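Structure record follows, encoded as structure tokens.
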Amino acid sequence: MMDFGFKISPSSAINLDNADLSLYDELCKAEPDICKCMACGSCSAACPANRFSGMSVRKLIIDLQRGKKKEAVKMLSDCMLCGKCTMVCPRGINTRHLILSICKLYKED
Amino acid sequence: MIYQGKQKIWADYQKEIPDDHWFYVRSCIRQNFFPGAEKMFLEICRNVLHKDFYETENHTTCGGIAYHCDTIPQETVMTIVARQFALMTEAGYENYVASCITSFGNYIEILETWNEFPELETRIREMLWKACRREFKKPKYVAHASDLIYKYRNLIAEKARYRLINRNTGEPLKVVEHIGCHYSKMFPSKGVGGAEYPYVLCGMIESWGGNVIDYPERRHCCGYGFRQYHVKANRGYSISNTHKKFESMEPYHPDMIITNCPGCPYFMDRWQYAIAEMEGKTYGENGYGIPVFTYEEVAGLVLGYDPWDLGLQLHQVAVEPLLDKIGIEYDPAAKYEGLDHKDLLRPELPGVLRCC
Amino acid sequence: MKENILIIGGGIAGLEAAAQLLKLGYNPIIVEKSDHLGGHVAEWNRLFPDMTPAEDVVSRLIAGAGEANIFLNTGISFVNRLKDSYNIMLSNGISVITRILLFATGFTLFDAAKKEEYGYGVYNQVMTNMDLERWFNTGNDERIPEEGPKTMGFVHCVGSRDEKARNPQCSKVCCITAVKQAIEMKQKFPDAMIYCFYMDLRMFGKKYEDFYISAQRDYGIRFIRGRVSEVSENIEGRLVVKAEDTLSGKPVKVTMDLLVLMAGIVCNPDTCRTAGLVSLPVDSDGFLKSRDNIADITESPKEGIFYAGTCTGPKTVPETLAEARSAALAIHNYIQGLK
Amino acid sequence: MIGMIFILSYCLIGLVRIILQLPKEDRKRFFMSLVNPKTMAKNIRDIFCDCLFHVKLWKRNKLLGYMHSSIAFGWFMLIVIGHIEVLLYTPHRAKLFYFPIFFRYFVAETESTMRGAFFFFLMDFFLLMVLSGIFLAMFKRLQSRLFGMRRTTNPSFLDLVGLYSLWAIFPLRLLAEGFTADISGGSFLTKSLNYVLNSFLSDHTNMLPAWWAYSCALGVFFIVLPFTRYMHIPTEILLIPLRNAGIKIRNARKGFAKAEVYSCPSCGLCIDACPMGVMKTHIKDTTVYLNRQIRRNNERRIEEISDKCLLCGKCSAICPVGVEGDKLRIAQRSLRKYSVNPDYADISSDALSVHAEGKVLYYAGCMTALTPVIRKSMESILKKAGIAYELMDRDGGICCGRPMMMAGRFDQAREMIERNTRIIKDSGATTLLLTCPICYRIFKEKYHLDGIEIIHHTEYIDRLVRSGSLKISRDDRKYVYHDPCELGRGCGIYEQPREVLSCAGELVEAAKNRKESICCGGSLGSLTLGFDKRKAMTENALANLTVAAPDVIVTACPLCRSTFNRYADLPVEDIAETIDKKCV
């Protein structure tokens, strides 16, 4: 293949048709409240790890819903499980247990 | 797809195009990419249809390419345009037709801006006067050259030697129409058929016997995007967009692509070669690409002009399979012969994309 | 002799106002341009948030206004201003003299075909909220496959909050309607994947938020924050819907079998024409202008002309009914004051 | 007879297994402690107090205490005296351990001698004592409320078999001895029964079935014992010396944890103690059921029970045998396998470094960030007292690690501890001040800050008040102090906050306080309890706090504060807020 000095980059668009949501569906069974997230961002704003790794439960949930497992798992790297996100969630989602469930279900690559 | 629904929209976006007496301005880049196209436009309009099309050697670029590359300010591009209008006024014309889509968009944008901000127009008049002591009247009608071919499409169809039909099967050819972004996306009412389903090329295809393909990424840019290509660091972005378009049209197996913009045919033609080299993928039949034409070239083909006189040998994607499909006669040996039968030499053939 | 009160529009506002005016001892005359009473609500199937059948609401209202004079298929031809009353010529040739005019002219659903990029009327599988309600009522629409759509979507704010659609206003009820319809579709087709594309979710009313939470958790409806940019048809005739998923900051693409456009509420052009007959002013949002948008929403700036319902802006059914009652009372007080 | 052999061998094997399962160092420590006279004395004392006299139960409820000690001590004495009798009368038979049990059957003795009468009396006395205990036990089955227990456990089938055979042993013994009393002799109980029986059943042939029934009941009891809650009787004897040797839970299922699980008598005291108990649905998630499920190896339920718990530690605090429900659960949680494991390597410490040479370093913690008033008040107090201090986590920092620890993820917690330790040591501070008991507990238990004093603000304020650096004005408001779980039961701090508060106004007590204080329901300990499930617990805890009609609820934990504040009708304050307002 010829090197032109530039490449065809894969689309950054999320294609929901072929997003692999099998793990997410499994997660939904374990944590049905995950669907209640309305992306208010309280969790991210309160998160002490956000400052270090951009950890955000809001983004985490969205990423999982869009099948972006890699990005989601990476975000968990600095989670300290302090539980502040659970304290502030206006929809009463047990984000702390959600994180543990994700840690259990998903894999680091 | 409900065809009547589209027709209803087309009916809402009809634009008044005078029949005759046009001041014609060329594109900066087309003559290098597809030199036969503009020549064929004037040839058809003047010699086939006997219309009055005036052209002056004094006209320049409209400045649009620099404007869209962010290299000149708005006042500059407006003054350049004002000078073009002055040339038209001096020549005694009121109808202004541009060969280039970006020019067309540029003229429309500037005229609309002047409508909204008359003080800007006054300032530009002053600047033009200071710069070259010229005055201008605003054109009564501004059209893109494809608007005129659209207008004359049925006249051309009457005189046509060929139709866009597969000679072997009798089926209409599957044609992708690609409209330049600056044609009607900025001002939908200024384009034939509006922005969502522009009719300008569809009308030609339908009159000349082809079938229009409506594929999901039909609205997408060809990938040129001015600074996306001109800045080398962005070039991957440019080709990625072209790639996306081809991926989207691929399942429909189009026979050809018709465009009405200077950049689009060039990039859709040349990037097919680059994509083939990068990905090993071709989109036409038997390892060929999908031939990409300007509307003037297609008009010339159906009217029976010699493909090599239309400059089709300058296309990267080989046009011969399509010519064979339609049944257009051509002399393969004459492909690389100049006007004076001088040998133009044969280009090196690409490794992946099949060419003749 | 009972006092005549002319009510323009036989929708729920007109019917409720007529019922109240009857009780107060007046003679309401309803003029309705269509062939049925109940307006848009009569064409609806069930109403949020308790899934009340629209038919029940309308038939109750019609029963309440039973003794009023009702002219169907009738418009207003012209209006003559007399000294202290109006002489109104109806399209059926009858003329009415009244001191009181009540505009209950309602709204028009935004013409979804105007949002060309969504392809309503061009693509086979694009419909509006109204079409869907009609299907709930009749079960007859070839856009909806018998086995149900595998994937479907709702586009919020079609013709609302959109300057390009010439309606920058929020239509107020579409958010909750979309959630309601999504739930109903999920109830009918439990295997369908349903997306809602929204910009904001305005769950302002009683129990709306519960409805929304239930849609998310119990029905698994996926909400994507982002306005749909364009819709295309792919080679299989399925719809390719593109939007930006603004929450992840990425474009999103999904292929669907059905797309429902939540057409918004815009001012009824007939309202404006009729209002023009008595030179009523139009507010900046395109709806009729009240004397005061806070204290006197049911009163026009003109003597003896009153408003009820969505002719002054988008409203829910309970709001419209409350306003109709309020207008009836305002009329009563006005007439008392004349004596 | 078979029963006895079975149980003895079973216990022996169990003992060896548990001891073998202990980590090497623990095992060594255990054996050393056995020969150490001090711990030996303590072991013997504890075994007597706990296993025979049930001192803890006496303290809790006299009836319950009597029930247990009468059965245990009475039976123990029966066995001891029985042996003495055997030794005295038939020394050659002493080797047969079953002999004393059926002594009356084998030997006809005389009560006419003083010595004989004395033994007969003692035997009958203790038998009566046991019987009274059994009677109480039967009564308790029906009316547990009278014994101060609102709810008891739901016994399993084998438990019931054990229970009924236990109940049957002593009445049958009485019956059997009653039949033989005229032959073998007896005292006030057996003799009088003998007269009654003889009055209508004069045939001695009844004697044999009665003795058989007695021996069968005894046999059944011992055979089912290992599979029932009565296994706690032998296990507790092992648990006590293990505990006294300072051994802790290291493995969720082996060694010390196993000893604890088998020591659980299924008494169900923890059911009433559990704050989750306010909702009926949670009754089966209490420690007694955890122990039962661990014995049954029901993994699904073990996970469910251990994840739900708030880790308030109250069950451990009141457990008569000392089962540590909270620690057992954390140990179960640590068994979970996670495929995603956070590590904090990329957190830059530079941004978090502080300079606090010779000063007090104040670590507010994550939860305090949600109740900034605590931090503000604490800073204000420090300023008023003229203390030089530095904040460690003004813009947030690394979590103390306790929440992670509670989730059973020790490696992650340890990493956070290391990171924080470095920051604190590098700061040069002399004192580490904490306003959050959750942080405080882990700093106390797991951090090694050599030389830096770790102090909770309740202690610190108390010290400031005592030293006179802080003057508090009194008012006539009534304050009730809520003991946060991690501070009270977790770290044993009960009195300092009360000292401080009694300077500020009238201190009243909650119905249940100190060691028995009720968790606010907001605890981070529970992994699975949803927000909606906690409301009832908070309201119950509030009801407990407000019995003495206080004006203000004062606590010393940011989490308790925000949890109570959500549902309380009274103002809820952190002790720092209260004191800051009252500082002169």
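By letter and in written order, the chains are A, B, C and D; residue numbering begins at 1 in each of them.
In this text, contacts are C-beta pairs under 8 Å (C-beta built on N, C-alpha and C of every residue); 3 or more make two chains touch, one makes a residue touch a chain.
All of these numbers come straight from a predicted model, not from anything done at the bench.
K.L.:
Check every other chain and keep only those touching both subunit A and subunit D; list them.
P.N.:
Touching subunit A as well as subunit D, we find no chain at all.
K.L.:
Approximately how many whole Å separate the CA-defined centres of subunit A and subunit B?
P.N.:
Distance between chain centres, rounded to whole Å: 46 Å.
K.L.:
Centroid from C-alpha atoms only, then distance subunit A to subunit C, rounded to Å. What do you get?
P.N.:
39
K.L.:
Averaged over CA atoms, how far is the centre of subunit B from the centre of subunit D? Could you give it in whole Å?
P.N.:
86
K.L.:
Which residue numbers or ranges of subunit D touch two or more of the other chains?
P.N.:
none
K.L.:
Among the residues of subunit A, pick out those that touch two or more other chains and give their numbers.
P.N.:
Each of 11, 33 in subunit A touches at least two other chains.
K.L.:
On subunit C, where are the residues touching two or more other chains?
P.N.:
none
K.L.:
Give every touching pair of chains, nothing left out.
P.N.:
Every pair of chains meeting the touch criterion: A-B, A-C, A-D, B-C.
K.L.:
Flag every residue of subunit C that touches subunit A in the complex, lowest number first.
P.N.:
Touching subunit A: residues 195, 201, 213, 216-217, 220, 222-223, 225, 242, 245, 247-248, 250-255 of subunit C.
K.L.:
Which of the residues in subunit A end up touching subunit C in this complex?
P.N.:
Listed in rising order, the residues are 11-17, 28, 32-33, 35-39, 58-59, 62-63, 65-66, 68, 91.
K.L.:
Hey, which residues of subunit A end up touching subunit B in the complex?
P.N.:
1-2, 4-9, 11
K.L.:
Quick one: which bits of subunit C touch subunit B in the complex? Just the residue numbers, please.
P.N.:
Per the touch definition, subunit C meets subunit B at residues 113, 116-117, 119, 121-124, 230, 232-235, 237, 240.
K.L.:
So in the complex, which bits of subunit A are touching subunit D?
P.N.:
33, 46, 48, 51-53, 73, 76-84, 86-89, 92, 94, 96-97, 100, 102-108
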